[in-house]
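Two complexes, one shared chain (chain A), two partners (chain B, chain C).
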Partner chain A sequence: MHIPDAFIPIWQGAIYWIIALVFIAISLKWAKNEMSEEKLPMVAVLAAGIFALQSFNLPVSMGTSGHLVGGALAAIVLGSPLAAIFIMTLVLIVQGVLFGDGGITVMGANIINMGVIGGFVGFYSFRGLMVAIRNMPVAAFTAAWLACLIPALACAVEMYFAGTFPLMEGLVAMGIYHAIIGFIEGFVTVAAIYLIISVRPDLIDTGIKTPKGIAAP
Partner chain B sequence: MIDNKTFLIGGLVLALLIGGIAVFLASGDPDGLESTALVVQGQKELTGGTPADAEIHEETVDRFAYESPMPDYSLGEQMGPLGGVIAIVAGTTIAFILVFGAACGIRILRKTGKTNQ
Partner chain C sequence: MIEELFQIEKDAYKDSIIHRLDARVKIVLCFAAIIALVAVPYSTMIYTVGVLFFIFVAALWLCTNLPVKNFVQRIIAIVPLWGIIILFQIFLKNKYYTEYHVIYSLPLGISVYAESVEFAFILFVKFIVCISFIILLSSTTKMQDLLDGGRRMGLPAEFALALGMMIRYLFVFGYMYRKIKQTLETRCFDPFDRRLSYRYRLRQLGYTIGTMFIRSYEQGERVFVSMLCRGYGKHMHLFLKKKDLTGTEWGFLATSLAFIIATPMCVWITQFSLF
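Presenting the complex of A and B:
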């Protein structure tokens, strides 16, 4: 769902950039406070992995393809939605500047959708589901699915403001396509979490071992 | 358990492998946003396939235009899949170094900030 420059007027892109910069500043504060010796390799590997997986478009029927976005994965693994903003911002800069995947003036909107909304939706739905059902794969899958669908709907609304899509038609099409693409998001996110747990369980901060607020009597 | 260095290098190698395979196996169908654009522009049915000649009409008035050095993760037609692999390897490595560098830089800034206090 990388928005190209042609889809949003420059002045609206500027507004999204301003909002995005606020969140980027908060994510830099997270990085400053939380970037421990353990998190450093995880942050770098997630950036490389998310970049590579984003190039892997899988067909989802209806003449459409989709790929992992990665906001939920980064937020769940690193234990903060701000981590997702930090990583996704830098990945989106590389994609936009070097490969024309996502525009420049619209990059703020892409950061808001995939980094901010994807990160917050992914993180809080994961934590909420962990408390409710205490089942990691189901919680991660559902959180990742939502972290694909909700940003796509936000994107449809932005396209409506830009005059690019009609509101209902855009919401319906974006919703249908990303409800299916969300399965890729879910499967890859769960697989990546298991892979990381199998090699470095200590690096992952999913709250699995200590579900806060439940264990303590 | 593997150490941090092995995790870093192993993770990067795995990412490069995934990206390299993607050049050959990834679907060329439009993504969800592009498909939606084709639907609202009347070039594609919502649940139907994408016609081969479908093309997104792009607005140019009041829109920024930018020519990236490696558009569509490719080095041009004549380079073919090799160009695609080079582009993906470059992109994955740059993303890795950029994020690793930024994270290290922030850590160094924090340390110097503490010693100054």
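Presenting the complex of A and C:
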């Protein structure tokens, strides 16, 4: 999902950068006003943690593997989609500038996909489902699945606008692959949230009660 | 990716003319080259521009005293995924060509087009040269220097502080990742082992990731307490010493930028005059 340089023309990359900068500015404003001084170091360290989490390869099928994106997990645990934008921007800067995973001119598009769309979709679908069905595993699973699938579809649309991949083929390929990866992302997100609620319920502010009889591995 | 982290920083700590350059010079140079390459239209003129830029980046790499093997290894680590998408281009039509000529037909109505092969090659050249500049930048600049360079160029303070802390803890989590991986291996747990139920494998990975998430959060709490002990407050600003570029750095930057801007323009004018 990390689009590299050259796959999107420069003028389109500039448009995505402008849109991303608006959201980055909002997340920065949120960080200044809403984030307590206690949260800033936590968010920074958490960003490093999410970077490491993305290194765990998870089996998909037919020998392929995928990794966690973590946007939904960050948004749910930190209780704001803006936290996800902030964290994912940090992660994408490090990945793009140090590792070449995701381009420089297209970083705006990557931030929009994984930070903005992933964060908002993950957070609000989780909140909405929690209100509607009051079932944490289902809500977290669906939120993480959507937060994986929808950014991938957005990525396919961006590539179509760029003229580097046809729309239908892109939507089908990215959709199927990320629907499967999203299943794993969902399952792992549920397990991770379950564990966090069991061990450190104070970290999550989602109105979820601590489950009983959950043992850490 | 996290496994590369240690090698990249090891390379960045070596010494050479390129390593000693101010991070701002390398950031501007690298970003300018990438922007210039991406700005070149999807046309065959990228071959000439790409080759000239690659010679430029290769010459700079030779000045770093780093083994070519490291460069190749990093290219190999990055290319596969998007390499497949580039390869797929040979079967696809896109908006950059009006006519397509089939050069090879496969079953199920799949065809390889001459124009699509050309487009795939154009993408490949752009992609590889852009990645080469990123490899040069990260292999010759310490992460902290990159951050300081970014701050001197106007990176917002909130981002700089968060990014600085993130960079420091990347290595902590790098070691943590290794340890957890080794622990799982010691217990003969392999997420790709089909003898184990899929549900069980995912649950174990979920718990592992959850544990790491909690550890990172708790590490964040400890960091906060340590920072408080050292006088951290909401309105704290990190001190950064003012540093001017030397005459040599200015000269190198100006020459490089002139090359980066002039090369695509000259190639474009040459091609234009040929028609």
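The working rule: the second predicted complex is superposed on the first by the 195 of 217 C-alpha atoms of A that agree within 3 Å, B and C clash if a C-alpha of one lies under 4 Å from a C-alpha of the other, contacts with A are read in each partner's own complex, and residues count from 1 in each chain.
Heads up, the rule we're going with is that a residue touches a chain if its C-beta (ideal position, glycine included) is under 8 Å from a C-beta of that chain, and two chains touch if they have at least 3 such contacts.
Source: prediction; values computed, not measured.
Student: Should chain B and chain C be called a clash or a fit once both complexes are overlaid on chain A?
Tutor: clash
Student: Which of the two partners, first being chain B and second being chain C, lies in contact with A:V199: first, second, both, or neither?
Tutor: In the superposed model, A:V199 contacts both chain B and chain C.
Student: Please work out whether A:A44 is in contact with chain B alone, chain C alone, both, or neither, and reply first, second, both or neither.
Tutor: both
Student: For A:F187, using the defined touch cut-off, is the partner it touches chain B, chain C, both, or neither? Pick first, second, both or neither.
Tutor: second
Student: Given the touch rule stated above, what does A:V77 touch, chain B (first), chain C (second), both, or neither?
Tutor: Only chain C is touched by A:V77; chain B is not.
Student: With both complexes superposed on chain A, which partner does A:L90 reach: first (chain B), second (chain C), both or neither?
Tutor: A:L90 sits against chain B and chain C alike.
Student: When the two structures are overlaid on chain A, which partner does A:L68 contact: first (chain B), second (chain C), both, or neither?
Tutor: So A:L68 only meets chain C here.
Student: Does chain B (first) or chain C (second) touch A:L21, or do both, or does neither?
Tutor: neither
Student: Now for A:A156: first (chain B), second (chain C), both, or neither, which partner does it touch?
Tutor: first
Student: Of the candidate stretches 25-33, 97-105 or 133-141, which in chain C collides with chain B after aligning the structures?
Tutor: It is 133-141.
Student: Considering each complex separately, which residues of chain A are in contact with chain B in the first and with chain C in the second?
Tutor: Touching chain B in the first complex and chain C in the second, residues 4-7, 9-10, 13, 28, 31-32, 37-38, 40-53, 55-59, 65, 86, 90, 93-101, 103-105, 164-166, 169, 199-200, 203 of chain A appear in both lists.
Student: Quick check on the complex: what are the chain A residues that touch chain B?
Tutor: 1-11, 13, 28, 31-32, 35, 37-53, 55-59, 62-67, 86-87, 90-91, 93-101, 103-106, 152, 155-156, 159, 164-166, 169-170, 172-174, 176-178, 181, 199-203
Student: Over in the complex, which chain C residues touch chain A? Could you list them?
Tutor: Chain C residues touching chain A: 1-5, 8, 31, 34-35, 37-39, 42, 74, 78, 82, 85, 88-89, 92-96, 123, 126-127, 130-131, 134-135, 137-138, 143, 146, 156, 158-159, 161-170, 172-174, 176-177, 191-192, 198, 201-221, 223-224, 227, 232-234.
Student: Applying the document's contact rule, which stretches of chain B touch chain A when the two form their complex?
Tutor: That would be residues 1-2, 4-5, 7-8, 10-12, 14-16, 18-19, 21-23, 25-33, 35-37, 39-40, 44, 46-50, 58-60, 62-73, 87-88, 90-96, 98-100, 102-104, 106-107, 109-110 of chain B.
Student: Which of the residues in chain A end up touching chain C in this complex?
Tutor: Contact set of chain A toward chain C: 4-7, 9-10, 13, 28, 31-32, 36-38, 40-59, 65, 68, 73, 77, 86, 89-90, 93-101, 103-105, 163-166, 169, 184, 187-196, 199-200, 203, 216-217.
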